[in-house]
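Please find one structure pasted underneath; my questions will follow.
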Amino acid sequence: MLSAFFIHIAVIIVIYAILAVSLNVAVGYTGLLNLGHIAFFGIGAYTSALLTKNDVPYIMALLASGIFASVFGWLLAKITSRLKGDYLSLATLGFGFVVYAVMLNWSKLTRGPLGIAGIEKPNIFGWYLKGSGSYLIFASIIAAIIIFIIYKIVKSRYGRLLEAVRDDAIGAQALGKNIYKLKIQGLMISAFFAGIAGSLYAHYISYIDPSTFFISDIIVIFTIVIVGGLASLRGSVISAIIILGLPEMLRFVDLPSSMIGPMRQMMFAVILILILMFKPRGLFGKIDLE
Amino acid sequence: MLEIKNIKKSFGGVKAIKGSDFIIEKNKVTALIGPNGAGKTTLFDIIAGLTRPDEGHIIFEEKDITKKEPHKIANLGISRTFQQVRLFKNLTILDHLQMVEDNKDMGLLKNIFTNKKRSDKKYEQVLENFGIKRTLDTYISDLSYGQRKLLQIAMTLEKSHKLLMLDEPVAGVNKVIQSDIENLLLKLKEENETILLIDHDMEFVRKLADHVIALDAGVVICEGTPDKVLKNKKVLEAYLGE
Amino acid sequence: MFFQLLINGLIAGSIYALIASGFSIIYTTNKFVHFAHGSTATVAAYFLYWIFSNFGLPLYLVFPLTILIAALFGFLVHLLIYLPLKKRKSSSVILLIASLALMAFFDNLMQLLFGADVKILSIFPHGKGIEILGAYITPIQIVILIVVLLLFFGLWAFSKYSKLGKIMRAVSDNPELAKTTGINSIRVQHWSFVIGSAIAGLAGILIALEHNIEPAMGTHLMIQGFTAAVIGGVTSIPGSIVGAYVLGLTENFGIWFLPSGYKSAIAFVLLLIFLIIRPQGIFGINQGNRDQKM
């Protein structure tokens, strides 16, 4: 019983680690403070759930969720390409809310607030991931691949360019680098992997509804990324374990379950404010949030 | 090589450039002088595409580049420095030198899976040529101001270019680095580089420039040989009248 | 139908205007987005609910007390959270993230203390209302319209004639200059939080009377209040009030064309449009919120 509980937490941590690492590509490496990242997660989850409901093979649906999310990443980058600072963040927040509102109201497609139930467990070329244990193995493999690819990207010369855009976009332009293209691609990469994380989530929980992807849930992901440190992949992963693992201690205190939810959210908010106040570079970060 | 045609620009009602016309000739050093606020840097930004003029045209090698994006202008061969250095503070010297080498880093997929060997030798040579006594792995945030200024000039020169635009290359550096940079510029002149320069040191301008353009309050008040311009009454007034 | 939508739009606009004007007062002197401003209204509404259901205090005491609590709440948030961050030279983006965290904190705190269910405050019974030109308007709605009009007149007089109002305008126009002329800008910022939050407290009361109370109400309110401020130009208080009515009317007339569920999405679509096409709003001035050129 206890071990089933730990496996559940582990799967959630793996999924959020992907989400945090992918957000770090946009915020930490490219310098795009995207407050609408949760929307890509949601788009991925819905894409995968709806496709498999319509008999699309799981692996295809998984890939499609990443691709579809990154199409939205392209869209968001396009419409906000000239904004910066507060205004960029607020526009991305707005984007997150519009996506949420569409999920909630396009009932014909998403079944609105009722959500989509009975999302099937993945079947990958005969490997049927029925139990949580096998799902943990599968999700961990995917996470490892994603983190490896992102690591390769950020350590490459291309990754350096993303960082150049973050540090001084005009300076990068003067060197002949197309910063608009780089910003768009940075956000698309970030969205792609968030979409994959969404698919992993949907097929694990097997039920999704819009409330999971409301903008207030962006706090958790931001807490993970900032506590881990901007532009640190290792930081994001370790931080996901700490930030999501810690509140689980609440379960061992005798509290009614209706209190645990809000208390978790409050803990995330408090941690985020404290880290901004006392250690804004986080545990492993080398750059400042500006 | 570069033609500035009737450029006008105002910021929120304040006219910064009130119709400038001049030509930068190939293989010549042209100096842009004038008191602070004369519009020199604004003009640089307009040429580089960072600021869009309200009126007028910029013609580079017979092509109208007025509405081109900054990176496209840079890739046409206009290489510039900024008065306030614009480097990437969380990256290393090596990263910077690699960036100016070519634009192959723009390809995402090509870069992820190909691990090209670092050719440190070449880059170390650049550092030596410009007198930057630091290792390639040094972060920009650890460099002194003078070193940053040198690195920026090094990058501007290393980048393939036809026209160099230098915005106060010696402002804010110590005497030693100042004379290093000035010697470097004299050498560039000998090598027949095309240079557009903003500088305040009139003695040095007299030594380096083939052609001087004096700007005041957004208009060209005088242009010609250094001797002619630096003796011009209006120019002297503009400077002393500050 | 037309008049009903018009009235509904004006009522909604009035409430958004309360949030937006308080938000703008804080923004103009502090220059960062205080998203937790919506939580101030939530806290006020729950305080009103708590004090009304537990103590038999008369209403003429309950309402001012609620506004006072809201003002104190805003002051404390500024003193304990934002000021330490500002002293660290945190950018406005960090303050924005902190304000989102604050909002999440208080939404969840209210849920923890009062439960997730909707609370109904039955101070005044919801009557059928008075009929005007085939549209219905309830007494509370009339009160809302009058109170809001009075408040705006007060705000206008305050900023035009009072010393503090003039100082606030000076700080908002040019913080650096204001500092050199000896204005204590931190004190002015404190005052802007007090005044802005008091107005949010008033909004909390009116919403509690007109609608219901629930933990996430502040977030939704803030989305609309903020959108209103952006439409009008965040740096202009009259602008944000006009923006609020533009939003309220658009939302309500919008349901002629769209399913009613999209009502809240209208706010964000307008927000996106304004942020992208005209970030300085209808009345604001462009303050370098986007890249040069283009």
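Letters are used for the chains, namely A, B and C, taken in the order the chains are written, and counting of residues starts over at 1 for each.
The definition used in the following text is that contacts are C-beta pairs under 8 Å (C-beta built on N, C-alpha and C of every residue); 3 or more make two chains touch, one makes a residue touch a chain.
Keep in mind it's a predicted model, so treat the numbers as computed, not measured.
Novice: So which chain is farthest from chain B, going by the mean of the CA atoms in each chain?
Specialist: Following the centroid criterion, the farthest chain would be C.
Novice: Max contacts between which two chains?
Specialist: A-C
Novice: Comparing chain centres built from Cα atoms against the global Cα centre, which chain wins on proximity?
Specialist: Of the chains present, the most centrally placed is A.
Novice: Can you work out the whole-Å distance between the CA centroids of chain A and chain C?
Specialist: Spacing between the chain centres: roughly 30 Å.
Novice: Could you state the distance in Å from the CA-based centre of chain A to that of chain B?
Specialist: Comparing mean C-alpha positions, chain B is 42 Å from chain A.
Novice: Roughly how far is chain B from chain C, going centre to centre by Cα mean, in whole Å?
Specialist: 48
Novice: Can you list the residues of chain B that touch 2 or more other chains?
Specialist: Within chain B, the residues that touch at least two other chains are 50, 70.
Novice: Among the residues of chain C, which ones contact at least 2 other chains?
Specialist: 294
Novice: Would you pull the chain A residues touching chain C in the complex into a rising list?
Specialist: Residue list for chain A touching chain C: 33, 35, 79-80, 82-87, 89-91, 94-95, 97-98, 101-102, 104-105, 112, 169, 215-216, 218-219, 222-223, 226, 258-259, 261-263, 265-266, 268-270, 272-273, 276-277, 280, 289-290.
Novice: For a test of understanding, state which residues of chain B touch chain A in their complex under the given definition.
Specialist: Result: residues 48, 50, 69-72, 74-75, 79-80, 82, 86-91, 95, 98-100, 103-108, 111-113, 155, 159 of chain B touch chain A.
Novice: Can you check the complex and tell me which residues of chain C touch chain A?
Specialist: Touch residues, chain C against chain A: 32-33, 81, 84-85, 88, 90-94, 96-98, 100-105, 107-109, 111-112, 115-116, 216, 219, 223, 226, 230, 259, 261-262, 264-265, 268-269, 271-272, 275-276, 279, 289-291, 294.
Novice: Contact residues on chain A for chain B in the complex?
Specialist: Of all residues in chain A, those touching chain B are 149, 152-153, 156-161, 163-164, 166-168, 170-182, 185, 189, 231, 286-287.
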